[in-house]
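Following this line, the structures themselves.
The following pair of complexes shares a single chain, subunit A, combined with subunit B in the former and subunit C in the latter.
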Partner chain A sequence: MTVVFEPKPSRPAPSTVVGPAAWLRQNLFKDIPNTLMTILGLYIAVTVVGWVLNWAVFNAVWEAENRRACLDAVGRSGACWPGVAEWLPNMIYGLYPKDQVWRINLGFLALIVWMVPLWLGGVKSKVAIGLSAVMLYPFLASYFFLGGDKGLVWSALIALGLSGLVWAWATALCERATGLSVGEWLGLKVAGATDDLKQKRVRQGAMAALFLAGLGLVSLWSLPEVRTQYWGGLFLTLVISGIGITFSLPAGILLALGRRSKMPVISMLSTLFIELFRSVPLITILFMFNTMLPLFLPEGSSVNQLVRAIVAVCLFAAAYMAEVIRGGLQAIPKGQYEAAASLGLGYWQTTTQVVMPQALKIMIPTIVGNFIGLFKDTTLVSIIGLFDLMNMARAVGEDSDWLGLFIEPFFVVSLIYFAFCFAMSSYSMGLERKLSAGRDR
Partner chain B sequence: MSRVEGARKMIEITGLNKWFGPFHVLKDVNLTVRDREIYVVCGPSGSGKSTLIRCINQLEYHQEGDIVVDGVEVEKGGKNQSLIRRNIGMLFQSFNLFPHLTVLENCTLTPMLGLQTPRKEAEETAMRHLERVGIADQARKYPLQLSGGQQQRVAIARALCTRPKIMLFDEPTSALDPEMIKEVLDVMVELAEDGMTMICVTHEMGFARQVADKVVFMDGGEIVESDTPKAFFSNPRYDRTQAFLSHIL
Partner chain C sequence: MALTDSRPRTKAAERSVLAKAFFDARVRSIVLQILTLAGVIGFFWWLVHNTITNLAARSMSAGFDFLDVSAGFGIGFTLIPYAEGDTYLRVFTVGILNTLLVAAVSIVFATILGLLVGLARLSTNWIIAGVARAYVELLRNTPLLLQIIAWYFGVFNLLPRPRDSLVLAEGFMLNNRGFYMLGPLPQDGFGMVVAAFALALVGAITLYKWEEARRDRTGKAFPAISSGIGIVILVPLIVFLAAGSPLDWEMPVLQGFNLVGGISVPPSFCALIVALSAYTSCFIAEIVRAGIQSVGKGQLEAAGALNLPANWTLRRVVLPQAMRVIIPPLISQYLNVTKNSSLAIAIGFPDLVSVWMNTSLNQSGRAIPIVAMTMAFYCIVSLSVSLVMNRYNRSVQLKER
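What follows is the complex of A and B.
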C-alpha cells in the first residue's frame, strides 16, 4: 500500500533568533566580555564626539577680525572659523577671477544635469547616457573652465558636448514618456516611419541638426580666457581627479587585456608599463613629469604645468587600475571563454559581452576603492606647486591676518574629502546591491 | 545495416594525434560520423574522450592528422576556427551559461551579435527553442536561479539558437542529480529523434542503448572499439572493454 508523503509546514523562527531584542543580545550583550566591550566602545564614542562638538561648535568663535581676536576670546579651546570663512571661496575656486566663478558652477551643474537621467525610472539607455557624459562632457567643461580662443576643431568638440547633453535629456524624457528611443519616436511622429532604416535616417538627421544648432550657438558665444595658473582649490582637485578617474578605467581595461594577450609584444609592453608605473611612487612620477619632461621636449615648446600633472596622475592610475581589472578577469572561469568560443563569438565580442561585464561587476568595490585612493592622492600635486584643495588650506595659516591657523582649515578639508569619498563609497555599495539583485542564489 | 548508410559525412577524422606538452593524449584516432548519426563515446577518465570532441570544434588544437567538418578541412592552429564553430553546438559538464544575462539573453546573444539577427526575430527563435526544452516560462530569470537540469536545458536551447548542424556533448549530465539527469536526457533523445548529428561523451548507457548508432570505447587516447550498441553491450571484443562495462553496468 502507498502512503502519501505530506511535507511539514515551516514554522516562524522563535523570538530568541529574530527581532531587535535578539539582535541586541546576540551582538552587543552576548556575554560579560562582550558587554564590557560594548560599554567601553560607547564611552569612547561619546567622549570623542563631545570633544569635537565642544571645539567645533560650542566653544568656537564665529566672528573675528583676525586670529589674535580669536585667541583672546577662547584661546585654543575653540575653533576660529572666521579665517576659514574668509578663505573658503579660495579653498573652493582657487584664484579663479571672482566675476568668472559662475563658469565653474555652471560647468559642474552641467555635469550633474547630465547625470540626473541615470537616477530616473523608466530610462532604458542609462549606459549610453553615462558613456556620453564621460566621453563628451569634458569638451563642454574644458571651454567653460578655460575659455579663450576656440579654433574650428575645439568649436566642433564643444558643440558635440552641448548636443550630447541635449540628446541625453531628450532620450531620457522620450523613454520615460513613451518607452521609445528618440529615433523611434521622431520617426513615428514626424515621418510616420515604422521600418528601421527610415527611423535610422530620421535619427541621424535629428542628430546632425542638433549638432549644427550647437555649432551655431558655440560660435556666437565666447568666454574670456582664465589661464590654468589661476585654477586651484577643490575645483582643481576635482578636475585632476575627475580626468584621472575617467581616463584610468578604459586605459586600465586595455592594459589588463594587453597584459593577458597571447601576442608577446603587446603583453610585454603592457607588463613593462604597468610594472614601471606601479613600482615608482606617485610623487616621483609627478617630479619626473614636472622637471624632466620639459628637458626632453624640443626647444621653445612648452607643456602646461597642469597638463603635466594630469598626465602623470592618469598614467599612474591606469597602471594600478590595470592590475585591478586583471584580477577581475582572472576570476572568470575558463568555461565562460569556452562557451563563448563554442558559440562562435570572437575575441572582442567575448570580451565586451561576456567577460568584461562579469569582471567589472566582481571588481566594483576595488575599482571604487582605487578611485577614492586616486582622489586623495591628488593632494600630492601640491608638491609641484599646484594649489589644490590641500595646498589652499595650508595657505590660510600663512595669511598675515590668520597666521598659524592650520587646524581649522584642515578640519574643513577633511570634511570635504570625507563627503566626496563617502559619496563614492555609498554609490558603489548601492551599485553592488543593484547588480547582484536576483542574480545570486 | 546502419540507418544512415551512404549519408553525407559530417565529421571525418583521420590519423588524429595530439599532445599536451610531452603527454600523448590522442593516438591515431579515426572516426567518421555521417549526417543524422548519433555517436556515444565512453571510457575511463583521462582516456581522451573530451579532448577528442574539443578538437573537433577547436577548443583544443591538434598537431597531426586531418579533421573535416561538413566538407571543410579544419586548419591546424585554429586558423579557420570561427568558420568551423559556426556549424557546431557544444554542451559542457558545468553548463557554462553566462550568469550576468537572463536565460533569454543567453539565447539571443550570439544570434544578435555574431549573426546580426534583428532582436525580435532572435527572441522569437529563442522562445521557440526554450519552449522545446520546456523552460519558456523561466526566460526572464537568471541562470543561477534555475536548477542544474534547467540550466543544462537552457544551454541546449542556447546552442540550438545558432542553428548548428552538429552537437557535441561533453558529459552533459555528470554534474546533475539523478532526477535532473532524466529531464536533460529526454531533451537529448528528442534532439536525436529529430535528426541532429550528435557526438555525446557520456556514461549514460541507457541513453546509448536507446538512441546511439555507434558506441565508441576509448582508453589511453585510442579508440579501442566502436560498434552498434547491441553488439557493443552484448558482445564486446576486447577484455579492456569488458572490464570497463562490468564496472559501469
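What follows is the complex of A and C.
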C-alpha cells in the first residue's frame, strides 16, 4: 500500500495582512501617532475641499446683472460666476474680432489633427511626424492667426506647412495600411520602381507636386489681417509659449554643443550667453527688450511689442534649455564617444546618431519640466502690458460692472493653467516610464 | 626631362597643401572661430552704432552722471532712511536691500515649509502623503505671478481696516494696510547680550569640533549638539537677566486711521512672502524627498546591522549622503527665489526691478546704465553663489578612484 502525501489546502492569509481592513491598518492606523496624523490629514482635506465646494458651487451665484447683485445675494461667501461667464470669450480669444474667431479654432484644430498620428498604432515614423509638426506647423498657423497680405516667401512657407500636414497624414495612413512609407508605396505600387534611386525620384516628385498644389491653394486663399494688438487671452499665452518651446529646443541643443565644444572662442561665447541669461530674472530681460530694442535697431524701424516679448522669452528659454541638454550630454558615458570614433564616425555623425538621441531621451522629464516652466513664465508678459490669459483675468475686476471681481477669474485661470501643466507633466512621466521599461528591472 | 617632371609635382604639392588645410581639423576650427568672432563683433558693432545714432537723435545720454541727481519720488517701504529728495544711487541701494529682504525672509519660510511637506510626502500614512502631494501638485502647476496677484488682490487687500485689525497674537496684527508686530527697543547693556550670544556660538562650534576629533580618536561619544544648543540659549539668557532685561517692546497702537509704532510691512510684502514661500516650498519638498530616497536601502540595513541607534542612523548615515544630493538643487532654488522676487513689480512692492528698472528708468530715461546696473546686480549674486557652490560640490563629491 502506497501512501501518497496529500498536503492540506493552504489556509487563507490572515486578515491582518490582506484585505481592506489590513490596508487601513497598515496605512492609516498603525499606531497612535499614525492615527492622529490620519485624523489631522482628513481634517485638512475635508475642511479645504468643503470650503472650496461651498464657495464655488453651493453658495455661488449663477445669474446676475453685475457684481452688486452678487454681493447683495450672498456677500463674499459664494462665488459670482456671471462675471466670469461674460468675460470668458475674452479670456480665451482676447479682443480678436468675433467673426474671425473661427480662425483660431481652426488653427488649433489643425495642430491637433497633425498630432493625432502620434497616438495611432502601426505608425512607424512618429518622430518625423512630431518634428514636422513642431517645425512646419508654425508657418501654417501664422497665416491663420495673422492673415493679411502675404508675399512670395510667406506664401511658400504657408504652402510648406500645408503640404507638411498632408504628407504627415499620408505617411500615417500609408504605414498603417501597408507598412511602407509613402515614398516606398508610391514607388513600388504606383510607379513600379524597384531600385532606390527611382523610388527617391518618385518621392521627390510627389513632394514637389504636393508643394505646388499647396502653393496654388494658398494663392487663392485670403484672410483679412488681424493685428497683434487684438491678440490676447489663452490664445496669446499659447502662441508665446508655443513659439518659445519650438525655438528653445534647437537653440538649446546648439548652445549646449557650443558650450562643450573644444573650440575656445565658441565655447566661451556660448557660456557667456547661457550664464548671462540664466543669472538674471526673465522680467529684467523683458524690460530690456521692451525699452532697448528700439534703441538697438536702425533708426525708423519699429518692432511690435508682441515680437519684443517673444524674442525675450525665446532667448531666455534657450539658455535654460541649453543647460538641461548639457546635463544630458554629461551623463553619456565616454565609451559611447569612443565606440563612435572607433567606427569612424565624425563629429556630427557621432552627435546626431549616437550621443544626442541618448541625451535627449534621459532628459525628457527635465525638458518637459522646462516647457512647463516656460508656459508658466509667459504670464510675465502681462507686466509689460500684453493681455495674456492672466492679465485678461485681472481685467475682469476692473470692468465697471464687475468692479473688484478678482478671486473668481483667478480661480478659473488657475484651473486652466493647472490643467495644461498637469497634463504635460503626467504625459512626461508616462513617457519616462515607457522609455525606462527596458532599462530598470 | 627634369623640368617637365618637376612642374606637375609642384602643382600637386600646392594642391595638397590647400586640401590638407581644408581637411585639417585644427585649421578648420581656427577659421570657424575667427569667422564666429568676426560675426559677433560685427553684430555688436552694428548694435552700438545704431544705439549711438538713436541716442543722438533723441538727445539722450548713456552716462552714469545721473546717479547723484535727486530722484524726486517717494518709496513706500524702505529699510534704510530715504526721503523724496535723495539721489538715484540711494534709490538703487533701497531697491537692492528690499530685494534681499524679500529673498531672505522667503527662503527661511520656504525651507521650513518645504522640509515639512517633503517629509509628509514620504510618510507611510496614506492620507498625509496624499494631502502633501495635492499641495505640491496644485501650487507647482500654477504660475507664480498668478499666485502673487491672487494673494494680493484676493486676500491681503480684502482684510479689515486698521480699526478692526485681526489680532493674531498679542502684538501681532493684520489689516488692509499690512502686517504689524511689536518692535524691540534695545536699552543700554543690550550689546553685552549680543556679545555673549556671539561668544556662546563660537564656544558651541569649538565644542562640536573637539567632540568630532575625540570621537575619531577614541570612539567615545559626547552629546555635543544638545549641550551646544544649551550653551547658545542659556549663556545669553543669563547675561540678559543679570543685566536687568535691557530690552523693551514697542506695541503698534491705533492713531487716527492707522496703526503706529512697532515693525510694519505693507500688504504687498505679505502677499509676496506668502506666495514665494508657498511656491518655492513645493520645489524644496520634492528636492528633500528625492534626496532622502536617494540613500540606498542597504545603507539603512548596514546601519541596523551595526546596531546604530535611530538618531545616529539619521544623523551619521542618511543625512550626510542625502545632503550631497539635496544641497546643489536647494541652492539653485534659493537663487530662483531671489530672481522671482522681481515679480514684486506686479503688486507694487518697491524691489530693485520696480523702483530702479521701472520708476527710475521712466523718470530719468537712462535706459542703458539702469538696465546694465540691474543685470549686474543679479549676475553678481548668481555668479558668487555658484562659485561657492562649485567649491562645496568639489568638497563633498564621492572620492572615487
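Definition applied: the second predicted complex is superposed on the first by the 407 of 441 C-alpha atoms of A that agree within 3 Å, B and C clash if a C-alpha of one lies under 4 Å from a C-alpha of the other, contacts with A are read in each partner's own complex, and residues count from 1 in each chain.
Note that a residue touches a chain if its C-beta (ideal position, glycine included) is under 8 Å from a C-beta of that chain, and two chains touch if they have at least 3 such contacts.
No experiment lies behind these values; they were computed from the predicted model shown.
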item	value
Touched partner set for A:Gly335, first subunit B, second subunit C, both or neither	first
Partner chain(s) touched by A:Ser382 [first = subunit B, second = subunit C, both, neither]	second
Touching partner for A:Leu343 - first (subunit B), second (subunit C), both, neither	first
First (subunit B), second (subunit C), both or neither touched by A:Val127	neither
Subunit B versus subunit C as contact partner of A:Leu197, first or second or both or neither	neither
In the superposition, subunit B vs subunit C on subunit A residues touched	C
Contacts of A:Ile112 with subunit B and subunit C, given as first, second, both or neither	neither
Contacts of A:Pro357 with subunit B and subunit C, given as first, second, both or neither	first
Subunit B and subunit C footprints on subunit A, overlapping residues	none
Complex interface listing, subunit A residues touching subunit C	26-28, 30, 34, 37-38, 40-42, 44-45, 76, 262-266, 269, 275-276, 278-284, 287-288, 291-292, 294-299, 372, 376-377, 379-380, 382-383, 390, 394, 397, 406-407, 410, 413-414, 417-418, 421-422, 425
Residue ranges of subunit A in contact with subunit B within the complex	196, 333, 335-336, 338-346, 349, 353-354, 357-358, 361, 438-441
In the complex, subunit C residues that touch subunit A	29, 32-34, 36-37, 40, 47, 50-51, 53-55, 57, 123-128, 130-131, 134, 137-138, 140-146, 149-150, 153-154, 158, 339-340, 342-343, 345-346, 353, 357-358, 361, 367-368, 371, 374-375, 378-379, 381-383
Residues on subunit B engaged by subunit A in the complex (per definition of touch)	57, 59, 81-82, 85-86, 88-90, 92, 94, 96-100, 109-110, 113-114, 118, 141-142, 144-145, 155, 158-159, 162
